[in-house]
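After this come two complexes, each holding subunit A, first together with subunit B and then together with subunit C.
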Partner chain A sequence: MQLFPCPFCGLRSEGEFHFAAEAGKTRPVTTRDVNAEEWAAYLFDQKNEKGATREVWTHLPCAEMFIMSRDSVTMEVLGTQTLRKLPA
Partner chain B sequence: MTSKYSAFSVLREGLRGQSGWCKAWRSPKPKAAYDVVIIGAGGHGLATAYYLAKNHGITNVAVIEKSWLGGGNTGRNTTVIRSNYYYPASSALYGLSMKLYKNLSKELNYNVMFSQRGMLVLAHSEPEMEMAARNVNAMQLNGADAILMDVADVRKKAPLLNFSKDARFPIHGAVWQGSAGTGRHDAVAWGYARAASALGVDIIQNCEVTEFIKEAGRVCGVETTLGPIRADAVGAAVAGHSSVLAKLAGFKLPITSYALQAFVTEAMKPVMDTVAFSPAYGTYFSQSDKGGLVIGGALDRVPSYGQKGNLPIQEAVLSGLVEMAPVLAKVKLLRHWAGIVDVTPDSSPVIGPSGIDGLYVNCGWGTGGFKAIPAGGYLFAHLLANGTHHEFSRPFDKDRFVTGRLIDEGAASGIAH
Partner chain C sequence: MSGTRLTSGGLIDRARRIDFTFDGRAMQGYAGDTLASALLANGTRIVGRSFKYHRPRGVWGGWFDEPNAIFSVKTPRGSLPNVLGTTTALTPGMEIKSVNAWPNARFDVKGALDLFNPWLKAGFYYKTFMKPDWHLFEPMIRKMAGLGALEPDLIEGYTSDQVHATCDLLVVGGGAAGLAAAEGAARQGKNVWLVEDHAALGGGLYRMGGTIEGLAPADWVTARKAAIENAGGRILTHTTAFGVFDHNLYGLAQQSALDVAPTLYRLRAKDCLLASGAIDRPVTFANNDLPGIMSLEAGIEYLGRYGVLFGKAIAIAANHSQTASAAARLRDAGAAVSLFDPANGDLSATGRRRVTSLRQGGRAEAVDCVLASAGWTPVLHLWRHAGGKLRWDDTLATFVPAQAPKGMAAIGAANGIFDLDQALAEARACATGEPYSPSPPRFNLTPTLPKPGAKGRQWIDFQHDVTLDDIALAERENYVSVEHLKRYTTLGMASDQGKISNIPGLAAMAALTGKTIPEVGTTTFRPPFVPLPLSLYHGPHSGQNFHPLKRLALEKLHRSSGAALGEYGGWLRPAWYGNQPGPDAAQSEARMVRAAGGILDASPLGKIEVMGPDAEAFVNFVYYNTMKTLKPGALRYGFLLTEKGVVFDDGVVFRMGPKRFVISSSSSHAEGVTGLLESWRQDGNDPDRVFVHDTTNHWSTVTVTGPKARNVTRSLGLDIDLSAEAFPHMTFRETSWNDVPLRIARVSFTGEVSFEVSIPASKVEALWTAITDAGEPFGVSPIGIEALSILRAEKGFIIIGKDTDGETMPHDLGFTLPRQKKSTAFVGDRGLHTEVANEPDRRQFVGLSVTGDAPLPTGAHLVEGADRRSFGIVTSSYISPNLNRPIALGLVERGAERMGETVTLFHLGKTYEATLTSPVAFDPDGARIHA
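So, the complex of A and B:
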């Protein structure tokens, strides 16, 4: 069983984690018209990188979402990053 | 030299020490240019080459493979062949595949051991029985064979299963598809390779694509580890690595690659003469002709290109097997493996133009590509030969993600790929 690091709870079993999405996608700004191609690209297209990846994961017990960098071939975890912003 | 397989040739070669067999396929050096280059010598790629030659008379074709022929998902699946889908478009696609599989051994002069031993999809509650009835009705309307079985019928088909009322998920009934079954996965690849090679197709192994040759925005061939190969049309049938080629060529796919695991046990006497799948337990199994149980289940939920599986899914699949058929608890596992499958958002394949002129894709089969090999090859050959879709592949074009006409079999038939 692989252990994934939750930035809030530390090392936990992989079964506690849920892959949410690739990191870095930006939702189209709807203050202007967004065409079907743009929506399709945002909703469906994936980089699906072989090797280093950046993904959004959820640690289900604490319900926090965070970014995990992994290698998709060796499955090595390269780092995590919280999505929380500190209050200004 | 003996090239045709028959009872007579087996007998004759037996009498002369097996000395007269010729190689099943040629292994030529790549030519500088072909009419069509197909990337990926798995089942889909080889079947595409065969149907290009046979149905369309295009024999100046190369199938190039970065590793050995049939060594990807074609050699890593659980060999189940079925067409129990919900939507008419899927039914037409997988129905075509079943039809071609039925005659394949004879057509290829190669025994692919297609055994129509039937398949049970178990229902474990009254609501599941209602959904099963809905699925059976849809399949019958689409012309696929399916019947709804009650628990007594299921017990007759597979007495090995757990019919205890105390089971975690007691069996209420099943969807039965009698024409479904299993095949010999390697033989499908080898049979298509041999038949394609005999028609003049060049199969080139250990030849990896490193770049696409583009002229005026059009793909005109590929740079490979064995040098450049030009082509009028290039087709990619590389399953879990489709996104890697897409990145090289410069287009995007709605695909995520995951590992899918499977297991084989030690051989034993016949205990199971059909395929049983329990969506509730997330496990399915059959018994091979050799006697080993072939067991599969759900995807690992971690995107992956590493051809190895993770432990939580192994535990889920195998504990599901023990609940489905407790008598199997002491059977020992012999082997275990994982293949990298290409999963789309709607659990249906992508067949069509890539978006870059001259380059076409056949991918997105997810966990169910083996059963679709003949149809995938047949339809992809049509596309590569004509540049336009066959009516059966039209609904599976990548443009469905823009138009919204998804074919969501994950939701409709509860099939998780």
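So, the complex of A and C:
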């Protein structure tokens, strides 16, 4: 059971979090033509990186999503980053 | 009968006698005994039969390394199977039974199996029982295999306490090294926990005898314990550290008695000192499994800890420098001891039901007990759980710690230091950080490893009956990888998980393949270190505590109205009301709604607030349907899709104002929809310009539906004109009732005029009472979910997840417009135009009509051709009380263009016939809904 740092609630047990997505994917602008390869890449291609990864996680009790960098080999949490666009 | 309890010595309390039985025979032990020590004191040689050959087996080990002494135990509280006799404390009134033996361990009918051993080698079952079919033989084989049986009074279902804690330093093992280290760290002010799986601290000190730092072992242990506790340290005995998990989490299981629920500690320790000691490694020789052959460690452990001298004429077959002191202890206790050095030639034991002699070359000694040791194996399971590396040490002939995992160090015997004074010095230095210069070890041995090709049956894994020959067979058949070897021969797969058999097994494979032992490698060490009950892990988190039912604010009133409550999508809801059988009640309720009306507790309908400056754009984006054109006061039906274009939820959207919406997701889906909305809000939009808040539990909803719905609702006396002209379908009004805010919407899931009245949950009892009282004169009374399901099916209204599946897109359900026309981006838009989405053979939503009275089975397949290719399924099926015929809904390939076609259905061997129709069976023009 890992410990993850929620930007709002601090260190909490892994069971309170859900993985959401790999970070850094941008939704194609669908009002223009999006070819099948581009759409498939958006939907299905995952980097599944060994080592340092950037992922979006949700802390379920407070519903906040955030970016967590962690090492997928050592399970070390490298840091978190908010998804908020305005300065806090 | 040999086996003697000495008059003094050991940690047992001779003043507290404990009566117990073994296979029905009355025996006595003392407080402080384990099942095994008590049986040995009573002279019991055969404690069980082996798994495969039903060979007689005796106690081999002194603690968790024991492969043979497994029992079914009945205590005054109940029974437990597969109890490890060497680690379980004896308590009064225990009835101990041997397992895998019939009628008992001394006489085992199946013992004759041993005569067939030439054919029962590794892989025997795989090779023999293949033809015609393994399943033919399986019941018989299963009956013959296995250990203890489950008794009706099985102790189970208990609730283990679960404790979460943190500490600076966890010391695993309360032997000399662990105690010294814990004392050193605690004195420095660290928050120290020390765990020891025995009831008493002291580890191997009792078997060593003599003094330690000038004190008797018990006195030295008492002094260390006091020092640790005075410095604020915490000591848990009876506690096994069974696993290391991510981020320094240590699992500790504390079990004081067999029939008492163990306690689970989830301990986060910044650092860990592993002082888990070492276990004796077996010497592999002919007939080394005979009762009376034990590990040397066990032999002197039973003497030192329990005051039991198991043999009068003992042979020690050992290869190391601690043999002499062990022999001296046994001699002092009154045994005749002969010494054998395995290096002097192949050993072989003889005897039938117990060992009677040990031979080496021309030498033979008549003995009643053989104590064997090939050296110490450090207990490094936790080290490996944490990711530590191992190194093969040729001089010690075992694996020792190499590169340490983060935050862990091994000390004492676990670190391959087998001299007491050196272990103490190292432990103290390691705990305090003081410098320490190791001195050369005095302990030494002559490596003793299994010799492939040696004569006689040489047992490697006692519990699973794996011999040296089996390993040779695996090698011949190319199962040479350790993982293949393990699975082919079942080496190390028994409940002891190969604690004593792994190294001999690996060494044998190394010798057979000409590799070194490190080249052969080890299998993976996984938690738990010892078998533990699953109840320990879940603790109180089971049943309702694990997944609580959601309860309606009106539950009390429903119960008093005679509701039959059932779980629907996680909510406990009225299925129907009254004493009729369920199906009959649902039929009459559904009939009542169309004749007069019904009242439904619709509170689980989602009520998710979406507000903020970007709310309109956001709702328009997450919905398939165009929502930005929705006017305040109006509501609109729509779909939420996944990005693949698959329907995720359906529901109505209320526009409360320019910047505020309420999303009424389908019942039971409010959390899922909130999650979807949150993920789009935060990961894709500016989370500070739109807010999502689930108020489903704050508002309760009572729906009045049917031709008399308006009359019933009118009696609430709301300041709203309820007429169809003033208050049309798909609009809502906000007002108050008795000074309580109230929301009333015209939206229908039955096809009848409906008013959905929502009110803060704390006030809903008064509303429900007022509405049901008002309904009575009109013949309108409460209905359950079963009736609602029928009514909506008559109208062809879908239930997401029932009438749709993981491939259903809105155009499969007949909702094609946004797909073709919506100009702004929305979730799933591109997914609706993929090759799959454009596939002409997509399954589309249809109705099915059958002649006759029998409804189609839900789940039946529409089939074609001789091979019954499925081209659709029945998703919902009911008898319609208002049409007086069966109705059904389904998903069918090209369904929309096949209306009127007669199809064949197949379900569980039966064939049915039906005609494809529009999904709307009742009131196809929809006149009633607008009335």
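Here, the second predicted complex is superposed on the first by the 86 of 88 C-alpha atoms of A that agree within 3 Å, B and C clash if a C-alpha of one lies under 4 Å from a C-alpha of the other, contacts with A are read in each partner's own complex, and residues count from 1 in each chain.
Operating definition for what follows: contacts are C-beta pairs under 8 Å (C-beta built on N, C-alpha and C of every residue); 3 or more make two chains touch, one makes a residue touch a chain.
It should be emphasised that the depicted structure is a prediction, and the values quoted were computed from it without experimental measurement.
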Could you tell me if A:Ala20 is touching subunit B, subunit C, both of them or neither one (first, second, both, neither)?
second
Under the stated touch criterion, which partner chain does A:Gln2 make contact with: subunit B (first), subunit C (second), both, or neither?
both
First (subunit B), second (subunit C), both or neither: which does A:Ala36 touch?
both
If you stack the two complexes on chain A, which partner ends up touching A:Val56: first (subunit B), second (subunit C), both, or neither?
second
Which partner does A:Asn48 reach: the first (subunit B), the second (subunit C), both, or neither?
first
Once chain A of both complexes is superposed, is A:Pro28 in touch with subunit B (first), subunit C (second), both, or neither?
second
Subunit A residues where the subunit B and subunit C footprints coincide 1-2, 14, 36, 43, 75
Interfacial residue positions of subunit A with respect to subunit C in the complex:
1-3, 14, 20-21, 27-31, 34, 36, 39, 42-43, 56, 58, 63-65, 75, 83-86
Residue set of subunit C touching subunit A in the complex reads 245-247, 249, 266, 268, 643-644, 674-675, 678-679, 682-684, 686-688, 823-826, 829-831, 834-835
Hey, which residues of subunit A end up touching subunit B in the complex?
1-2, 13-15, 18-19, 36-37, 40-41, 43-51, 53, 55, 72-75
Can you check the complex and tell me which residues of subunit B touch subunit A?
241, 243-244, 247, 252-257, 301-306, 310-312, 345, 401-404
